[in-house]
Amino acid sequence: MRKLFSASLVLALIIGLSVVGFSAEDTISIGTILPRTGALAAWGQFEGQATDLAAHQVNEAGGVLGKKLVLVHRDTKTNPTSGVDAANKLVNVNEVPVMVGANSSGVSLAVARAVAVPNEVVQIAVASTSPKLTTLEDNDYLFRTCPSDALQGIVLARLAYNDEGYETASTIYVNNAYGQGLSDNFEKAFEERGGEVLATVPYNKGKASYDAEIRKAAEGDPEVLMLLGYPENGNTILRKAIGTGAFENYMVADGMAGIPGVIEKVGAQYLEGTYGTVAQSPETKSLEYYKKGHEELFGFPPQRPAFLQNAYDAVILAALAMERAGEATGPAVKENLRAVAGPPGEEIDTSELERGFELIKEGKEIDYVGAAGQMDFDENGDVVSPFGILQVKDGEWKQIKVVD
Amino acid sequence: MNVSGLLGYFATFAIAAGAYSIASLGLNVQFGYTGLYNFGIAAFFATGAYVEGIITGGPSMEHLGGFDLPVLVGVIAAMVVSAILAYIIGIPTLRLKGEFLGISSLGIAETIRLIITNEKWLAGGVWGLGDIPRPLGNLVGPKTYNWVYLGLVLAVVGIIYFLVQKIVKSPWGRVLKAIREDEGVAAAMGKNVYKYKMQSLILGSVIMAVGGAFYAHYVGYLSPESFRPLMGTFIIWAMLMAGGKGNNKGAILGAFVVWGVWTFTEFFVNYLPSGLASRAGYINAIFIAILFQVLIRIRPQGILGGE
Amino acid sequence: MEVREEEVVSIIGPNGSGKSTLMKTIFGLLKPMEGKVCWNEEDISGLKPNQIVRKQMSYVPQTSNIFQSLTVTENLNMGAFIREDDYSDRIREIFEIFPQLEEYRNQYAGKLSGGEQQMVAMGRALMLEPTILLLDEPSAGLAPNLVDMILERVEEINRTGVALLIVEQNAKDALEISDRGYVLAMGRKEYEDTAQGLLDNEEVGELYLGG
Amino acid sequence: MASSLKVEGLTKCFGGLVALDNCSMAVQEGTITGLIGPNGAGKTTLFNVITGFYTPEKGRILYNGEAIEALPPHEVFRKGIVRTFQVSRELKNMTVFENLKLVPEAQPGEAFWNAWFRPITVKDHEEKIGRRAEEVMDYIDLARLKDEKARNLSGGQKKLLELGRTMMADPELILLDEPGAGINPTLMKKLSNYIMNLKEEQGITFMLIEHDMDLVMKLCDPIVVLSNGKKLMEGTAAEVQKDEEVLDAYLGR
Amino acid sequence: MNFVVNGLILGSIIALGAIGLSLTTAILNFYNFAHGASLLLGAYMGYTVLSEFLPRLGLSGSTFPYLSFGWQMIIAILGSMGLTAVIMIAIDRFVYKPLRDRGSGPLILGMSSLFMALMLRNLVRTIWGPSVHYYSNEIQMVQEFPLGIRMTPDQIFIIGLAILLVILTQLFLKRTKMGQAMRAASDNIDLAMITGIDTEKVVIWTWGIGTALAAVAGVLYGINVQLRPMMGWYFLLPLFAAVIIGGEGNFYGALAGAMTVGIAQEVGTPLLQNMFDSINIQVSMTGYKPAIAFVLMVIVLLVRSYGEE
């Protein structure tokens, strides 16, 4: 055993020594734990860019506490085991006070319980919309910059029942925390309003066919099919569902709405008029500045309508909180996050970050208005965000309105 | 970066490697000593983790359990459930060619994953199972806690190593080895081959479940995602083959080495060109697969060699 | 030990004396530790079976010597696997030697009786028109009347100009159709004589039963 | 004398080949019954059927009046019937010592829990078995190879190890499949003495397949001749040697 | 009724894979756990031909009447068969053959192939990315046929092509010398060697045909549903179930097994659902479709294991 132990120790040292160059004295590190590979890789890589942009803009505005803000990226592989390990590396090796991520609720919860909370490191989830994050006993170390699914379910129900006048609906949802949560919340809200949900059908990723699911959802001829999933299988289900001709209307949630590939792959002609919801702010100044900055830094506009700016906001909020705390430690950031994120104080958007830092230095309060919304954290560390309603028009996702 | 930070990471690294090395020891009983092919380690690992989570977790309205019972009770329950599972899978396959156990165990792993994904009342389904306590967590502050838990895990690894070592060196283990070498001879020498294979399958699976149970406390939150074939089965095979099948020290060493390689290569993600960086996880898996192919070609006996 | 053109040579000897091993070694299934196998003065030891077949040698092993799940005709086709030319005449010739087989040409070989299977095996081996045919215990496990018939066929084959090397337990019958014979015991050649000479040799009988 | 092993109308086929054809024979208690016959006569098949490796299509096997044809190999062993294999099947990656210690029946240490909960009993028993194994190794001349892996033994040594295993077993009936093949004459002599001694002193019954007729003629009484899956005749060495039918079966006369 | 039709479609795809798996199992004497990866590679090779090679040659855009693709798809299928076969043969030469030559048992080879499957899957992810692809952006409308059958023209094409290939394969195995040699080798490889059959050549042919059929199965699945990196893995159990139910090395067995698995998966879930509903047990069966193949297989194994003693 002793031999084993020392062998492992040597191994650990090798690992450690290989991680050089991240913690020079004049920098402050923030970690990101985003899914670079695995099921949600399609989001993770773009969220990573959004955080890079945020760090870039913070540094242009003079940095945090007079130091350069540096991001350390780690891959969760969309998998809790790897996510926890990645977070452990960040917390122990890179000693970050704040982690931005993860994307999926499963990984976020595991990281919060196993790493962030016990190590007193602030974790700001960017796309974990499960209501479970609200109720987790987290000693207030877990925040998120995206709204809970509980809200989106209501928005979808309101859109379907009140605005479009559908009285019957069925859902097909991806069988994970995201899909099931949305479906449950939609069902509840839709029936409260007087509508009837005929069937709620879960689908598993990557099955040989989805005909059975579609057939089940079509029973009773619902007026609208709610497809609550991700493009990877959702596209296929949409195509199949359209092929059967069993449904007149389709609606999608933020897993698919606004994502360009969806229209391309399913076919614009079939989707014309389809609604989608997406957590989105009204056109804030921050959003414009973020889009502009994205074009400048990477040469192309943001690739997703949702969650990228949430990741972006998370980094900036962390930076502001550190500035206000005067030190880069987890407990200090936790104490100051709400203060910089919400009222009272002067509203600051990302184009005026420099001024924001100055105000903090002067001891004045600020209220950050992010690219993804107001970003006012409640007592659970959640934000309430408005939702954008999108519709496919002329083969493109068009935002038709924003609801609170 | 400083030494204490590195050591801090080392603690968490070693906890994960420790949990995996328990599973690797279990596989060693089945494959290393008896020659049984279990391609469904994830099933037993997941069973252990979930049962532990249900038994020791805080009360919950959303799924079965949250009985808030002591860790030991959870571990024992995990062992019992996985033993039953192993028994069920053993009945149709252990009298037949070895491949059938392999294929069937692969099937049971997928089925277990379907159950924990679909049955919300049982294990939270896709919501996962949260609120798994940290054993001995109230004794020390959070900063030193990892070391305490590491100690606990290593102690368990030690105990299991000792117990397994004891039993494979006993006449019982001798029968297993005889079965591994030549079933016909073992039968001709009066050994009930089916019974011993079943005992070995169950013992190994029970050990895997213990590994799963300690993994559950390590992550604190369980979701079906953790028990995909790569992280639940392949990696453990690679560990045993790297360390040396039929060698319990090898099983443990292999777990640390492979887990080390796995996490170590991840540090390089930041140096990769951004196009490839987003695919690094896949390249990592390819690397594990190639490592395995090279191992069975050039050093089938593993680092330490078998008995 | 040698076999000349167009002759029939039997190898007899008690169980375990190495007869089958010798066959397998000649045909490249086992590697000799020492010594050589020569064919037409060419060293063929170390060649693979499918190379040896090209030297116009054929071999009928003692057990599992037909493809059970193939029809009789397909078995014969397999025998001619390396032939590129049209071998339908040869199939007809084989059916002339083994008329029973023609009846069963589209039957699965595994469904035939033991004697018929043996014929299929020999027919298959003859498809290549070999100059030498190695037969390992062609009569093993067959009823006595079938044994006679099989050995008759062997003689007939020999008349078509094929040299034969037969390993046989059934020593008397085998020697009766042979030109010469060898007696093996404990892996060594003990006697070598003309067939008749061996048949008359008292000691050979003793060798079997240990005196 | 009570009939120890009785085979009645045994039939076993492999595909189109009939290996055993309505074969009946008996082995009397306390004899060394030799089993001879040409290749393919069904001798080894008979062993495999008796020891439970094959299930016969037809027929019964009675051991001390009890039907054993449906028992699996390990239960046949427990009835006191032990066998060796024609081609030695040593446990390659285990030492000679381990190969031998494996054999004895009802070892407390072979029960799953005992290694943990009754280590002293197990240890005592191991020592006992160990001593026995040392004796056997001395006898078969393998003592100096005690800790050698069985794969590294020579062909003859493997054969001896097979024999050694049966000595470890405390059997009533031993089935030896060509014990003499590949063993040098000195050992062969020792082997036959040993078989004689076992028979005389411990009353063990033997059944022996062998091609070395010297050995068979010297040891066996009676000798059973198998041909084409059937018993051809049974008699003493002298009777068998004189029998025309037997000579025919061998030489095809 | 429609469940049966869906089962037939799935069954045809499984059948093409299972025939190949059955052949390799019998001739190479090991269970190739990477056979699902042949489907996967086949599907992606077809995709590459269709969306990379052909457009570059300026050959794209046509569609057959009623179908969602044109003659390019035929080229893609042929290309995919060839490319996949070449890759798998190369893997056999460089990975499995050295193991075989060393005398490794079927279990070691099986394990090696299992890790090969892992590697190929991740290779596909690395090259083509993790997300889903389609051959065509057209959506096929379901047509009504007599007897209440509803299916798309593409699906008729799938069943038709599968039947055609099954017949061609059977003709190949029956009528050609190499086909007979393959059957001979799967019957008795030692005897095949003695007879002068170049068994290495047979092995190469076996890989070629087995994986080419699997490649087509992959493309057909891609036409019917989608292309994704996990598809090979999800087909593994149904493939094994089909081969085990049908008996290894048995052409018609594999066919029957595949149809059984395909139809059981499609018909079984609603059937069980009705059963559970009628006795008021609250279970949603749709999630358990993949488990049905597994359960069938275990039942067959159970029957066999009691036959063994």
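Just so it is clear, A, B, C, D and E label the chains in written order, and each chain counts residues from 1 on its own.
We adopt the following convention: a contact is a pair of C-beta atoms (placed from the backbone, for glycine too) under 8 Å apart; a residue touches a chain by one contact, two chains touch by 3 or more.
Model, not experiment: these values are computed from the prediction.
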Third chains touching both chain D and chain C: none
Greatest separation from chain B - chain, by CA centre: C
Comparison of C-E and B-E by number of C-beta pairs in contact, larger one: B-E
Per Cα centroids, the chain farthest from chain E: D
Between chain A and chain B, centroid-to-centroid distance (C-alpha), Å: 32
Chain B and chain C: spacing of chain centres that average the CA atoms, whole Å: 56
Distance from chain C to chain A - Cα centre to Cα centre, in angstrom: 78
Gap in Å, rounded to a whole number, between the CA centres of chain E and chain D: 49
Sites on chain D at which at least two other chains make contact: 72
Sites on chain B at which at least two other chains make contact: 114, 117-118, 279, 282
Where chain C touches two or more other chains at once, by residue number: 68
Residues on chain E engaged by chain A in the complex (per definition of touch): 2-3, 6, 9-10, 13, 125, 129-132, 134, 137-142, 150, 152, 221, 224-226, 228, 230-231, 234-235, 238, 265-266, 269-270, 284, 286-287, 289-290
Residues of chain B that touch chain D when the two form their complex: 163, 166-167, 169-175, 177-178, 180-182, 184-193, 199, 203, 246, 306-307
Chain E - residues contacting chain C, complex: 177, 180-181, 183-184, 186-188, 190-199
Residues of chain B touching chain A in the complex: 1-2, 5-14, 16-17, 114, 117-118, 120, 125-128, 130-132, 134, 142-143, 145-146, 158, 161, 215, 218-223, 225-226, 228, 231, 249, 252-253, 256-257, 260, 263-264, 266-270, 274, 277-282
Sites on chain A touched by chain B in the complex: 1, 4, 7-9, 11-16, 18-20, 22-23, 36-39, 41, 44-45, 72-75, 77-82, 84-86, 88-89, 91-95, 104-107, 109-110, 112-115, 117-120, 130, 132, 136-137, 175-177, 179-181, 202, 204
